[in-house]
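Two complexes come next, and they have one chain in common, chain A, joined by chain B in the first and chain C in the second.
Now for the complex of A and B:
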């Protein structure tokens, strides 16, 4: 039995650019079969066993809600900002809890070891102190003032810089990060992952970006992001326990894990337990 | 030399790895294989009618098979990576180059199925992959008893580079390497080679790095 709180959220189920006529994309959402397709009139339909689901089109992707939407889909104002390039990066399937995919996205400390010489490099392993809050107005988790030394922070970065990040959990399986833009000191580059929960231990991840970068070819931008995410994939598939523990147990979090802890508390408070385990691990 | 490249392709990585081990500079051009399927476009098929990656272009020479690219790079660089030139070893190198195609058709396809949602009979692909791994494990174990660590001798050849990527990436397709100690040792020997480069899913040997020295605190770098 899937809790109503889980069913009433929005989840990504397809890339708009890849939509086709029936049967379209045949996939799973929260363990149930769905078809994502364009009908004869060109409208986007997400068809479940019991009828069509609520649909929103945003940020290059189709979002569906299997229950009664508790709220509209979260905003990403930067998506409408002139001058930004919006980049769909395609889908990658990962054999892990959808919540673990999001949690990994929020983590900085693994950069030097998993994204070596790109997002981090030994011996620069220090995660500086940063701030985390669960914002009551938007009901989102935010981490701000995150600083990290990076040898090649973006495809457009020429050399090592200390990058500043902000992280945001905007939906149970969607996270947006804001990072120093190498081409524009006054703006943030926006990188998101939209995670489709197929089952509690299987997900499909759609990275998406809104960047200030007029020069890098599209294929290079996509491959940079895929390279980063695929470096994480083999780690994610080996994490144990398979479900994300929401209660503290054998794990000993450190200062650098503040965002992860806030994310887990937020999930627990809202009853968003699909892909999670409540028994201490 | 220009390589038309996709960062997640095991075959493209063979060529990037060989070039890195030889100290050969390649210029790469990213092709939007996924999600754009640019390798199937009319423009790309004008270069390679098969619509496959990688493609290596050197002057008027256009190569579309990764094993041919390994031969080309190794021949140009003094033939050390082609074996000792004896009839036996030359044949063995060819044997393993052909074997690498079996790895691509089984473990490689299982990986594309599990990772990028390619269609396929995943159980059959994994079974074929495991059969190939057992064959490889058996060969490498015999080789170890004879004091050899690489596929055809005590030094690596293009055969090792051709076979290594799809073996090392087997877990991406749901095939564990836990049962194959000789394969894991062989993989370690390849990853320890001077000039080795990684790709997503194949991690470098962090333990070979010198112990980190003290660094200034992060605030000092701001």
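Now for the complex of A and C:
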């Protein structure tokens, strides 16, 4: 029995650019079969066993709500900002809890070890203090003033820089990060992951970007992001247990994990337990 | 109970491998100076498999965040906080790990029974086979099993097979009575694998 709180959220289920006529994309959402397709009139339909689901089109993707939407889909104002290049990065299937995929996205301490010489490198491993809050107005988890040394922060970066990050959990399985833009000191690059929960232990991750980068070829941008995610997958498929433990005691966090602690607390408080382990096994 | 987890020759210094004990998944590693250790295959931080980690000197580090553990299992370094002394509570789950006569043995922490006596035997090689003990019994007529240790004769040479449960199959760690016969026994072992897998299908 899936809690109503879980059913009433929005989840990504397809890339708009890849939509086709019936049967379209046959996939799973929260363990139930769905078809994502364009009908004869060109409208996007997400068909479940009991009828069509609520649909929103945004940020290059189709979003569906299997229950009664508790709120509209979260905003990403940068998606409409002139000069930004919006990049769909395709999909990576990962045998892990959708919540573990989001938590990994929020984590910087792994950069030197998992994305070695790209997003991090020894001996630059220290994670300084940063600020984390659960913003009551938007009901989102935010981490700000995160700084980290990166050998190659982006495809367009020429050398090592200290990158500043802001992280945002905007939905239970969607997160947006803002990072120093190598080409424009006044703006942030925006990178998001939209995670489709196929089951509690299987997900598909759709990275999406809104960048100030007019020069890097699209294929190179996508390949860079895919490389990063394949490195993350080698971790995500080897964590025990597959589910994300929400009860303290099973895993030991430190100060560098404040975002993860807030994310877990937020999930627990809201009853967003799909993909979570509630009882210490 | 001791469980064989491989041959000493297959775990060089500076290497970590996956192992098991009675269904528990393990990371077994050898430090640069040659010290062996076997731990539960989970970093206490985020549950990442330590068998995917890396050995530096006398420590094993988790590949996810580089948390570093000494041979006693205690966490000695958290790279995200280089100046912090890790709390003593951060510790890998430690098993006993010893080697004797070329075989790596793992047991639970605490006192243990004696190891099976394999003195005078030389290690040949380890293989994995898809089959169960019943199929192995049919494939090895004339061998006598004492727990996990199977003994018999192959072409006049004494052979010992130490059997390890490995998921749906078995690990067979082979030793023989004379170094000069290692190649012959290794070829015989290939035949045993084929036989067991045929038996397992019938």
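FYI, the second predicted complex is superposed on the first by the 279 of 281 C-alpha atoms of A that agree within 3 Å, B and C clash if a C-alpha of one lies under 4 Å from a C-alpha of the other, contacts with A are read in each partner's own complex, and residues count from 1 in each chain.
Everything that follows uses one rule, which is that a contact is a pair of C-beta atoms (placed from the backbone, for glycine too) under 8 Å apart; a residue touches a chain by one contact, two chains touch by 3 or more.
Owing to the predicted nature of the structure, the values given are computational and were not obtained by experimental measurement.
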| field | Fit or clash - chain C, chain B, common chain A | value | fit
| request: Give one of first, second, both or neither to describe whether A:239 is in contact with chain B, with chain C, with both, or with none. | output: second
| query | So, A:80: does it touch chain B (first), chain C (second), both, or neither? | reply | neither
| message | Going by the contact rule set out at the top, does A:113 touch chain B (first), chain C (second), both, or neither? | response | both
| said: On the A-aligned overlay, A:33 touches which partner chain: chain B = first, chain C = second, or both, or neither? | reply: neither
| message | For A:131, using the defined touch cut-off, is the partner it touches chain B, chain C, both, or neither? Pick first, second, both or neither. | response | neither
| task | May I ask you to decide whether A:256 touches chain B, chain C, both, or neither, giving the answer as first, second, both or neither? | result | second
| request: May I ask you to decide whether A:247 touches chain B, chain C, both, or neither, giving the answer as first, second, both or neither? | output: neither
| request: Mind working out whether A:122 is in touch with chain B, chain C, both or neither, as first, second, both or neither? | output: both
| In the superposed model, how near does chain B get to chain C, counting Cα atoms only, in Å? | 5
| message | Identify the residues of chain A that lie in both the chain B contact region and the chain C contact region. | response | 113-114, 122, 125-126, 234
| Which bits of chain B are touching chain A when the two form their complex? | 6-8, 29-32, 34-36, 38, 114-117, 171-172, 174, 198, 200-201, 203-204, 206, 209, 212-215, 217-219, 221-222
| note | Seen from chain C, its contact residues with chain A in the complex are 25, 41-42, 44-49, 52, 61-66, 78-82, 84, 89-90
| task | Note which residues of chain A are touching chain B in the complex, please. | result | 15, 17-18, 88-93, 95, 113-114, 116, 122-126, 128, 147-149, 162, 204, 217-220, 222-223, 226-227, 229-231, 233-234, 237
| remark: Per the touch rule above, chain A residues touching chain C in the complex are 109-110, 112-114, 122, 125-127, 234-235, 238-241, 245, 250-256
